[in-house]
Each structure stands twice: as structure tokens, then as C-alpha cells.
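Labels for the chains are A, B, C, D and E, by order of writing; each one numbers its residues from 1.
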């Protein structure tokens, strides 16, 4: 049954990959959507049966993937509460995005259309494997697989160099993360002798929490976290995600907002027990998360590409999730992941609708006043923006608040600072989101306006997007319809996903209404078992557990559950008011942010320009994304290239190594040329040589 | 009293003189003569050793060496004539078309 | 059975000669091609039968054939396969028909001799893998060079002569020293038991003085490491690959490089365990340097074939690293990776061959935007590329993962450095892939290139199918390997005192303060790391102690 | 007496041989060589080998040297070529001096070795009675050395054929 | 009968040679006469006689010992002779070599070689050496019109005479030592003296005898004549002398050094080791830059002498057997290689320059293929006779612990592969010159076929030949 979930999209992929070129769009799109809907159906059924099952999890060992010595890697799928949230998000939102795509991509040729859907289906399959995988290697299959699909989809318009580059960049940056992931996996195996999540958790649970100790679990989790930073676009490996916006917008929605990028968060949640045994790592996770959130938020403030704004927003929100994970609020992190999937997918799809309507225009400066033309898009987009900004009673409010609250009450050192960063980020989020809304939908249309001449520094790397659409129409691979025409609102197949997601963005949060508001935080309770060592695994561990018997039992076996319940116990009574206060603050922040945005970009737009001019330095820094890409290029990429070409290839390889080889040859030749000169041709030389031989031999004998 | 080593030393001297001839003379015939000197030096050794050991083999070997010397001389002189026909010179250093 | 498999291609080669008629007759070329292909396919089927009848649970040699050959020196015609060689035999037989196919249209010059050399090459490579007698092994080992030399030298590209000569001299220079070591070993056996023997199984039991063992090991290792080729003995490879015809490259990368790693595992390590243990870290360091170095140099190559060649240096570095780890995961992974690399790099060379057949250039800068022109070929290219960069689900991953795991259990730092190859392989392969296939068609010559032909389909489909099958179902391949690998490891480590005292992974040793934490939890990841009942000794090979006590 | 004779003949042989190689006229060289051979014959007599002495004179000095003389006169080159400037140092006068030096070294080596071989059978007079009769020589020659004797026939045949082949004028 | 049984092969050859001369004498001008056939009959007869004498260990006239060692060499020489006869026909006619004298001298040379291999008296060794040398000198210069031939013959002759004087001097010291030239007696005298403190005479004898043999086998630094003589001689003669002279000289070398001089092993092993090493190195290194195939093969033959010297230096059973096997392998290989060079020559041009081989693959694929096999065998690559021979030789060295010689041996053989491959490169990988390729006579084809079969047979199934070689060495030592 579990296997069916990824098999559906896989089948869809195979059909489209093998026969797609010959199928009409309706068939290939239909197949892909059917596969996703089928997967969604099976996923719902699976979740229901999981809920009914005794130990709250379903496991399916498909076959032994590979085995060597004591290493056994079964291809096992496991559905528990955590993964059930994920598969529902993936299949559900995935289905919507598939449907949306049938219209969005309709201008492609049949073959390209089928290719698109085959990739998309393949992505879904891998993502489901990632989520369902019961051990590290199977998860890694999905992990790398989604990376591959991301690569393919980002580079879908392969004729565009920037798209191909972005795809490559995404894959390679992900690979850097995977490097950490692999090493983490290896260290886990070397330490615990197993790669099964359950067993690892059980084995880790039997160890002391590494408080203040840079122990093996800390190293392993840090390595795994490196993997997570790659996949989830955190500092220092976030650079690929903004570039990934070169891909089709639905792809950005599905992969680069709702699902794949959250894999890192999911992975940490999956290994919650392991991570909670490494406080150092958690601190790092929290720090990185917070830093990324702030950092990306600031950049998002000044971007002019609609999708890039959303991309930085995603990075920022992912930072939130990591912040949650880092403070041990795993459920809150996953909760935010879940709500974020709705509203970020919505925002992306909405931006897609805008782009679609504007024939590929992505530059905010060329938009404006779209409210009238695109009412559905506008309203749904607005809901998304409100949700992400954390306006009360929408989805984002609950999850974001939960995170901020957890951070504030966390035991991490510097938790207040983390909270403050989170709060600032929250403000930034509101500002840039509504900047987006106001710029795109309000005011008047400026679609033929040239890029602001007063601000040459605003020439982004992706400036070609800002180029007049007419010029781009010549490009054979322009993905929009060729010329300007009537701006139309989203057609039904695009509108329906928007509407569904909008509804989700409003109501998705109500599964996690906090106690302070009289809710029961159902999601947290639902997820809890996944962050603990399951009883079955614990028993297995103890049964085989010579480890637990060896030496003194760890002084403190801190399962996250304990910490959390301790928190919670107090939270209900002592911190209830604190939580309400915090909630109020953040609500205020969200509204303030909206207000600020409204002032600058709705009321007094010149003020924004003035501000930008007066703070040209910081503005330039931000709009150039802190020059991180340039820094990486100058500090890493170019030196390696130069070193490889000049140092290794031309110098070392051709010069020294091969030089030595050929040198031997040349030396022999030179020796040969020299020695042959002795052969003068004169018989007397020959006789002399002979004679020398005689004299030397006799001398040798007589000398002794 | 003349000991065997007197003869041996004498033959050694002669042999060395013969070898020198090969290097000093730039005339093929003289070079051949030098080799004859060497062979004769060896002959002297044979005869002397035979005498001092009371062994007739020394003298017999001398006859064989003389035969060999004659045969070599025949072939060698034939070659000299043949060479002279090609080059009109007897300088061994003139024959260096084969080298290296 | 085995002899039939080994010599069937040779018989075929002779038949090809006869069928080809005198001189270079073009009218006979199709017949010759078909005949050669038929023979190689028959061989492949025979090897499949061999696999079918192979008992995967046994570590012993199977299908052993033994005939006296030069009895005075204990030389026998002794062949057999075990788990390590079985799949290499199959791989050889699998790649040869593909190699023949790959040159179907591109070789016009004297097809008869071409087919002859390819088939002769197949015989000799099969012989290398099945020989148990060292003398026989060496004969095949050296003979491999001859057909390959001609393949490169006659049907290669511009600098073919230089490449061919460099290839044969370089690899010969390494292997001749091994010949001396083989002889020395046989006489050491003679000195111990009265009769010299070249039988590998006899020689496993020979005990050598440390110095002798060291030198012999180095002689063997040099031969194999040049063949692998390990950094810094690799420079023959790029030249040979670049200049070789496609078929030559496929076989060279697909099979011949494996002869080196196979030799390490089969001969160098188990024959000289103490020396192997002593030198393994050094070789592993070279392997890791090779992984990174090969990748970095590959990255900046302007020539696709050269790029793939350097990538081979990098990939084979993994294999050697796995072997040096000398534990089950490492060695098994190494053997598996040999197969993977054979298939995937073979595939890469096929692709490059197809491109260069179409355009007569292999420079990356000459291409661009091919995806729009030849979508199917590029799809195949992509799949092979992914296999090459070890995407999970493709074959490369399993091998690399096992190797890294084995290496990690042995020496953390090396494994960590080696793992960076994972990043770099993605860098150079994808960069190349992107430059060739993505973007606009900038070169007018590329605008109308034909997509995959039926012949190319028949090459690519089995290759890609193998890549995926080996990634998804590695168990099928790993299972027969395991018993033999385990036995080999026992030979290497069981006899060497150094085994139980492999150095603690330094990273763990330095970074973890409470020592028990660093101890692996039972079940122990590997029988080798801690063998109960064995006193932990100073990690120095026994031979050294022996030598110093003398 | 013996001593004096030895030194006289020895001196003649050495001096004559030296002049053979020291002067350039081949005709003179042949004559000097005959002188040297004569001195050697004298030494042979001193060594109780009169038959050898006789063959030395008759065959060596008489036959072989005449052959040389004949060729010298046939080719008629009284002087050798002057030293040429050649590319290789090994061919010039330096090379020549090196050769002579080597000869001297060889001579020193041999002389040194021989003079060190004092002791039994070397520095005193002959210990065994000499066999100098022609009959005795002949007996040995045709019994113990019969094969060698036969072999010389082949040798001479080869030399003869060879000389003919080489020296014969090219047939048109 | 038994007294003379050991002489039968010698007699057959001598008589055949005389018959060849007589045939020439009775030949009408312009008449074609199959003198080669005569030689073939004689050689076959000698071979049959040798086989018949196998294991008889016939002593004849006190100085000829037709033990298996000598008989093995006889067989090698007969094979060389037969191949020479088969391949000479066209060449002799083309080069206008006086046929009767050519065949007679070849047969006399072979006779002398057999004598040398079987002789147990240094005097007979000397005489045999002179017989074969004089014959070969003359053969070298037998093309009277060729200045190069005359020059080569003269150089060879002069140096040969020079070295044989040294050799003779060595014999004289050996005679002074033991009072006899019989090797048994020399051996006895030496072992009586004991090996501990060898006398000055013994050392001088060893040194000078070594010089004589080293010259004949063209070991460094006594090798200088080799390239010139090989290049100047008619190619077929080069083939003959590079193989046959080497075989005979090594046979005598082994018999003298490994039997009577064996007690002085400690004295001569260092010397010969150094010579062997120098020979291998110089032969291969200088061979690298040669552009004339004959000259290249001359240097190669020097190198091969070095390998063979390893066999003598090893001075063990394996070494001795290895020498025999190697001689056989080298004989068939080099006869084949140089035979092809000889057959490619034309009246106008010898076609022995490297570039003359360009494109041979196209014009004469068969010859190119055979040449390749011979060259691979010379380079010591399996599955050819050359490989087994090298393996055998290096085995001997390794067995005695002479690892360094073996290492030099294998490394130089790698270098040598380089220059053999230069010919292969020319034949296969260079566009051809349009040189006139002469027809190759059926007899020559037969000879080449024989040689290539032998090369492959010895390479793949060397067992019988190896056993035979092992069986042949019991009497020396």
C-alpha cells in the first residue's frame, strides 16, 4: 500500500517519459494529474489506516536494497504521523499544482509539455520516497532524487543559459549538502551500527545527551544539518534557491516552496531524537535558522523580481522552521512547514498567474494596477500575503506564533535574541510581502516603463527579465505567448488551485490553535510520537541492547518529550499570559509591517525612492544580495577553476607528472643520442673500446 | 738463471707493443702486422710454458697458431685488397661510412 | 566451460580473419562485423550461463579447469571464477559487443583487423580475470596490451601513435617488475616446499621475509596501480582515452582499468598481507588525492573524452580506497564499483563516440544546445551522467556508498576527503553536460544532427538498463561477490597482525572525549574493527617487527 | 750464457717490434717484423724447441711475411695518410695517445702480474726434460691433437675460399 | 664407430660444404643450381644425426663431446641453417652473391659452430672460433660491389683478430696454469688450487677468455663491431650471424665458464654481471634512436646478448637451460625478423631503413603480420617465444638472487619494446611509401612460416622445449 504512493507518480513519469512525445497535451497532462490524485487518494487511505493501527505507524519492507557485511539496507517505507503530514501536503498540494500546470504550461509543445509533467511526476515520486523512507539510504534516494528533479525542472527551459546555470548551481550546491549528509550517514552507521531511523533513535536515546560535549552525535547531526542547509537553502548554501526561480513558476511553487526545500526540516524532525541529544547542534540549527530568516528577509525587501521576492521569503520562512527545530520545537517547525506549504504555494501560483497574464513579465517595476484585471488572483494572493505576514487568525499566524513563543521560552542560551530576530523577520516579512502586493496589484500599470534610470545599481543579475517584453519575444524560448495582448485573469484550471490553496491558507492553521487561545494544539499532539523513540524500537534496542548495559547509564536521558512536557506543564499555567502577550506583539508587528508597506508603496511611493537613495549603501548591498554570489564566485569557484587549470592540469599533470614520464623518455633518447656518438665508425675507436674493456677487467682482477 | 717469468714478461711486452700498433698506425697492413706481433707473443708464452712444464703441447699449439695466423693473414690481406679497390686508401679512419 | 568462454572470442577472431579475405576488402566488411558481433554475443550468453550456474554462496573457485602446462616450474593452465571475477567476466562479455557496435559505422579502415583485435582483446581480458595461475595471469595481462595498442594506434585519432606507444610502454614498465616478483614468489614457494609453484592458492600460504614481501608488494602494486591508474601514475590514461577509437575507450575504461583494481584485490593484497596493511594507508592517500585531483582536472578539460578519462581517475580512486579499507563494505563496494564504472563510463564513452562520430570533434566548446536537436540522445546522455555521478537509484551510488562506508569505518579523514568527490563529480559532469546540451544551438553545424539511430538504441538501452538495474537491485550482483570478498579479507587481515589494531579513526579519537562513546554500538559494524580475543597491538605490521628484531 | 742470449734476443725482438709499430713505412715494418720473428726463433732454440724455431723462420718469416710484402708492394702505398682533422676527438692524435696509454697500462699489468708469480716453476729453470724431437712432436700432434689438425684443414679451406671470394675481381 | 660418432654432424656439414663448392665449380655459367637444396639436405642430415646421438654423450677424439648440450645447440644451428637456406635463394640471386661460395661458407661456419659448441679443448675452441669467424667475415663482405660490405667485413675482421689474440692469450694462461688446454684438466687444476685464493694466472685466463667470448657474443664494451657489421652485411647474412654466431659462442661460453672455470665463479660473476648490465642498457638505449632497421636489430641483438649473459651469471640449472631455450627462441625470432627485412630488399635498394617499412600493412599484410609477431617476440611480449625465453632467463637470475640484473633486464626490455614498436608504427600507422615490394618466393614463405610457427609454439606450449633444454645441461657443470 505505501509503495503505491510513490509508484503512482512514478508510473506517470514512465508513461510521460516513454510515450509523452507522441501524446497530446490533454493525455499527458491528464496522466500526470491522475497519478498525483491517485497518490493523494492512496495517501489519505494510508493515513486513515495508520491512524487506526495499533502503534500509529505503517511499515512496509519492500525488498533488501543492498547488504554488505553487517550493513543491511532494506528498501523500507514507513508512514507515521510526521510523514503522514508530509505526504498529504506533497500529494495534495502537488495535485493542485499539477492541475495548475496543465494550463500554465499549455503553450509548450507536446513533447516539452510531456517532459515537464514527467519531471514533475518523478519529483513527486522521489519526494514521497524521501518522506516515506524508513532509513537513511532510502531517504537519501529521495533526497538526491528531488535534487535531480529540481535540477531538471529549473533547467527546464534549457535553451536559456541562466536557467541551465541555475539548475546546475542548484544541483551542485545540493551536492555540497549531500556530502555532509553522506558523511553524517556514515558516522551514524559507524556509531550505531544501523541506518534505520527507529533503531538509530532508540540507540541514540540510550546515550547521554551531549551537553557541552562535542561528541559523536553532535558531529553526526552537524553533518546531517549540512545536508539540510543544502536542501533547505540555509546559510551558507542558500544561494541556489533564488536562482532556481528560473524554472517554471509551478515548479517554484511545488519544489522550491512547498515540498522539496522543506526536506531539511523534515529530516531534522525525522531524527528529532538524535538531534535532541546534541544541544550544540540544535543551537547551531537555531542560530543558522534565525540568521537565515533575517538575512533573506532583508534581501527580500528590495528585490524587484516577483519570484525572487518570494524565493527570499521562502528562504526566510525556512529559517523560521529551522529556528523552531533548533529550539526543540519540532512540532512547531513542522506545523509551520505545513502552513507555509499552503500559503507559499498559493503565493507562487498567484505570481504565476500574474506572470502568465503578463506574458512572462516578472519585474515588479513593470507591474501595477492588476487588481482590476486579475481579481481572483488578487484576492487569493492577498490571502496568501496576509497568511504569511502573520495576520491573526490566518494559517501563518498560528504556526509562526508557535515558533516565536517556543523560541522565547526555549532553554537555549540567547533565546531572547533569537526571538527578537524572529520578530524582526516577521516585520520584514510583512513589509516585503505587502510591498509586493502593492506594487503588483495597486497603483497603475507601468508595464512599459524602463528600468529605473536613477538607480543603475538596481540592474539585477536577472536583468533580462526586466528587458522589454517585445525584445524578448524574439527569443525562441520565451515561455510566454509572444506579444502583448489582453491581460486576462487565471483560467479555471489555474483559478481552482488558487482558490483551494487560499482556503487552505486561511484554515490550515486551525489544527494548531494554541492552548493560550483555548485550542488544544492538535497538530502538536499528533506529531509528538514521531519525535520520540517508539516503544517497539526501544524494546528492540534494549533487547539487543548491550549498549545500554555497558558502563554507567547516562545520567540524563533527555527525550524531547520530557523537555517539552515540562515546558508545557508550566506553559499552560505560568506562561499562558506570556504567550498571549507575545501573540499580541507579533500580531502588532504584522500589522505594523503592512502599515509600513502601505505607507511606502501605496501612499507615498517617492518616499520609498528617497529612502533608497538616502541609504544607497545598504540598499545596494541588499539589492545585490550582500554580494554573496560574487563572493562565492571569487573566493571559491574561480580559484578552483584557476587552480585546476593552471595548477593541476597544466602545471601538475602536464608539467610535473607527465613531464616526468616524458622526461624519462627524453632522457633515454638523449642518452641514446649521446651514446651512439661513441660509435664513431672508426675501427680504432672500436678497438679502443675493446681494449679498455680488457684493461679494466685485468686491472680489476690484478687490483684485488 | 732465466725463469719462466722472464719469458712471460717478454711475451707480455711484445703483446702490449702489438696492441699499441693497432692504435698508432694508420695503415691497415701495419695494423695486421701488429696483430701478428700479438700472436707471436702468445706463441712465445706457449713454447716457454711447454718447455718449463716439460710439455710438448706448447710447441704443437704454436703450429696451430701459425696456421691460424696464416689463414687470418690470407683473409685479412684479401680484405685489404678489396677495401683498397673501393677506396684507394689504407687508412682505417677512412672507412667510417657505417657508424652510429 | 571457462576455457570455452575465454577462447571463443579468439576462435572468432581467427574466423574473422578468414572471413575477411585478403587485404582490406570493403565488400566483406558487413559480414565481418556481423560475425564478430555474433561471436561476442555468444560469449556474452555463455557468461550469463556461467553466472546462472554459479553458486553464489560459495567463496571457492568454481568451474575450475586444471591442466599441466610447464610442470617443471609448477606452471599450470589453471582457471576458475569466484565471486570477484565472475561479474567482471560478465562485464567484459557485456561490453565487448557494445564496443563492436559502437564502431559499426565509424570504423571503415580494415574492419577485419579491427574486429580481430577487439575479439583478441576480449579473450585476453577474460583470461586475466579467470586465471588462477600467476604465470597464466601474467601472460594474459601482458597480452592485453598488444591488441589495445593496435586499436589505439591504427584506429585512433590524431596523436594516436604517441598515445599508443605511451600506453603500452607505461603499462608495461609497471608490469614487468611484477613479473620478477611473480618469479620470486614462485621460487620462494619452491624454497619452502621444494617445488616452485605459480598457483595462486599455493602462493597464498608463502611466508616471506618482511623486506622481500615489501618489495614484491611494491612491484605488484606498481603494476596494478599504473593500470588503475592511480595518481600519479595516471597520465597515460587521458592520452590513451582521447586518442583511442570509441570501442577502445569503452573497453579501456570499462574493463582494462578494472584489471588493476582486480589485481590489487586478488593478488597484491592477499599475497602480501603485511606489506599490504603497511602500505594501504599510503595507497589510500594517493587514491583520495586521485579522487579530488582527477575531479578537479576533469572539471577544466576542454575535451569530452579527456574529461571522462580524468573522471575515471577519480572514480577508480574510490575503488582503490575501498580496497585499501579492506573491510567487507569497502572491498565489496569496490568490486561493485568496478562493475558500475565499467557500465557507466562505457556508456559515457559510447555517448561521446556518438557525438564525435557526428561532428568529428570532441571539444565541448564545439557543442551546445544539443538537447533541442537530439532529445533522445541527450536523455540517454543524462541518464548515463547521473549514473556516473552516483545518483541513488543508479548504479554508482551503491558502490560509492559502500566504499565510503568501508573507508569511513577504517579511516574517517580519508573517507571525508573522498566524499568530497561526490560534490566534484557533480560539478564536472553537470558542467560538461550543460555546456554540451543546454543553451541555444550556437554552432550551425549542430543544427541538423540526427538523433539516436537504431544501432545506437541497441547500445544505449542495455547500458542504461544495466545502470538502473544495478542501482535498484544491487543485491543480485552483490550477493555472489560477498563470500569471495570475505575470504579475501580474511586472507589479508587474518594473517596480518596489523588487522586487529587498525588505527582508530582519528577524527573520533581526537574529538570525542569520553572514549566509550566513540565505540561502535553492537552489532559491530564490521568484524574487522574489533576482533574479540585479540590483544590490541601497536598498529604496526608484524613484518616490521620481524625485520627490526633481525 | 743463456741469460745473455735471452737478453740479446729479447732486446732484438722488443726493439724490432717497437719499430714495427713506431714507423710509418709498411715495407720497413714487414722487414722489422721478420727481424723480430728471427729473434723469437732464437728464443725458441733457447727453449729447446728447435723445430718450432725452424717453422717460425720458414713459415712465418718466410711465407706469411712474404705474403704481406707482396700485398704491400701490390698496393704500393709507402706512406700512410696524414692525420686528419675529424669530428670526433676519439679519432685524433689524442685518441691515438689514449690507445698507446692503454697499451702501456696493459703491459704494466701483465708484467706486474708475471713478476709477482715468483715461486715454483716460474722463477727457476725448467724442471722437466724437454721434448724437442720432431718424432715426439709428430706423435703428439697426430694422436692427441688429431682432431685439431683435421680442423685446421677446414680452417685453411675456409680461408682459401674466403680469400678467393674477397679478392677476386668482380665479374662483369 | 663410437670413437667418431660425435663427429657425424660435423662431417656431414663439412662434406656438404665441400659438395656445394664442387657444385659451384662444375656449374656452367648462367646455370641455376639448387645449391640451397643441397645445404638443406645436409642440415637435415646433421639434425637427424644429432637427434640420433641424443643421450649418447659421445666423446670423439678426446676433444669433441657430443653431449645433449652440444646436440641441442646443433639442433638450434641446424634450424638457423635451414631457415637461412630457405630464405637465401632469392636474395643470393638478387644480390648476385656467388652462390657456391656463399652456401659453402655458411655450411663451413655452421660446421665450425658445432665444433665450438662441442669442443672440450680450448685449442679446438679457438680453431673452431677461427673457422666460423673467418667464414662469417667473408660472408659479411661477400657482396664485393658493396663498399659498406667490405668496410663491415674489414671492421669485423680486424676486431675479431684483435680479440682472438686476447682469447689466445687467455688460453695461454690457462695452459700455463694446468699444462693442458683440455677443459677437464683446467678444471681439475683449478679445483686443486681451490677457489679461495685463485692464482694470478687463473685470473688472467678468466679475464682474457671472457674477453674473447664477450666479443663473439657482442657484449659491451666488446660490441662495437656489431652494428657496423650487421648493417654492412647482406641482410640474410646478418640474420645468420646474429643468431648462429651467438648460439655457438654462448654454447662455448657456457661450457667453458660453467664447467672448468666454475670454481672461480666468485671471481667472474661480478665482472660478467656488470658486463651483462652494461650490455642490456647500452643495447636498448642506443637502439632507441636508430633509423636503420638492421642497425636497430643489431643493437637489439646486443641487448639480447645481455639477457643471455644473465643466464651465465646465474650459473644455475635454470640459467643454463634458459640459455639454451633463449638461444632457440632468439634464433627463430631474429631469423624471422631479419629474414623479412632481407626479403623486402630489392636490387636497387636494400629497403632496410625504418621509413621503408611505412605502410607495409597495406602492401604486404602477411609480411607485416609476421614481422609484428617477430618483433613482439623480440620485445618479450606473450604469447611468443621471446616472452618465455625472457621469463626463463629472469627466473634464473631471481633464483640466484640477482634481482638487480632481472630488474635491469625487464626495464630495458620495456625500452626495447619502444624501438620494436617504431617498426610496428611504421608498418601500421604511417601512410605507406610506394616502394616496390618484391615477390617473396615460396621457399622463403615456408621459412617464415616455419619461424613463426616455432615462435608461437615456443610461446604457447614451451613445455617440450623447456624439458629438452633442462635435459641438455646435465653434462656441463
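By definition in this document, contacts are C-beta pairs under 8 Å (C-beta built on N, C-alpha and C of every residue); 3 or more make two chains touch, one makes a residue touch a chain.
Note that the coordinates shown come from a computational prediction; the quantities given were computed from them, not determined experimentally.
J.: Strictly by the touch rule at the top, which chains does chain A share as contacts with chain E?
T.: B, C, D
J.: Report which interface contains more C-beta contacts, comparing B-D against D-E.
T.: B-D
J.: Quick check: how many Å separate the C-alpha centres of chain A and chain B?
T.: 96
J.: Round to the nearest whole Å and give the separation of the Cα centres of chain C and chain D.
T.: 69
J.: From the C-alpha centre of chain C to that of chain E, how far is it in Å?
T.: Measuring from centre to centre gives 43 Å for this pair.
J.: What is the distance, in whole Å, between the centres of chain A and chain C, each centre taken as the mean of its C-alpha atoms?
T.: The answer is 36 Å.
J.: Find every residue in chain D that makes contact with two or more other chains and list them.
T.: 86, 91, 95-96, 98-99, 102-103, 106, 110, 113, 117, 144-145, 148, 152, 155, 158-159, 162, 164-166 - these are the residues of chain D that touch more than one other chain.
J.: Residues of chain C that touch two or more other chains: which are they?
T.: If we look for residues of chain C contacting two or more partner chains, we find 169.
J.: Would you give the residues of chain E that are in contact with at least 2 other chains, written as numbers and ranges?
T.: Residues 123, 127, 130, 134, 137-138, 141, 144, 153-155, 158, 162, 200, 204, 227-228, 415, 418.
J.: Tell me, which pairs of chains are in touch?
T.: So, checking each combination of chains, I get A-B, A-C, A-D, A-E, B-D, B-E, C-E, D-E as the touching pairs.
J.: With touch defined as at the start, can you tell me which chain D residues reach chain B in the complex?
T.: That would be residues 2-3, 6, 10, 13-14, 17-18, 20-22, 24, 26, 29-30, 33, 36-37, 40, 43-44, 46-49, 51-52, 55-56, 59-60, 63-64, 67-68, 71-72, 74-75, 77, 80-81, 83-84, 86, 91, 95-96, 98-100, 102-104, 106-107, 110-111, 114-115, 117-118, 121-132, 136-137, 140-141, 144-145, 148, 152, 155-156, 158-160, 162-167 of chain D.
J.: Using the touch rule from the top, collect the residues of chain E that touch chain A in their complex.
T.: Per the touch definition, chain E meets chain A at residues 154-155, 158-159, 162-163, 166, 200, 203-204, 206-208, 210-211, 214-215, 220-222, 224-225, 227-228, 267, 271, 282, 285-290, 415, 418.
J.: What residues on chain E touch chain B, complex-wise?
T.: Going through chain E, the ones touching chain B are 123, 126-127, 130, 134, 137-138, 141, 144, 147-148, 150-155, 157-158, 161-162, 164-165, 168-169, 171-173, 175-176, 179-181, 227-228, 231-232.
J.: Note which residues of chain B are touching chain E in the complex, please.
T.: Going through chain B, the ones touching chain E are 4, 8, 15, 18-19, 22, 28, 31-32, 35, 38-39, 41-42, 45-46, 49-50, 53, 55, 57-58, 61, 64-65, 68, 71-72, 75-76, 79-80, 82-83, 86-87, 92, 95, 97-99.
J.: Note which residues of chain E are touching chain D in the complex, please.
T.: Listed in rising order, the residues of chain E that touch chain D are 7, 14, 18, 21, 60-64, 98, 101, 104-105, 108-109, 111-112, 115, 121, 123-124, 127-128, 130-131, 134-135, 137-138, 141-142, 144-145, 153, 199-201, 204.
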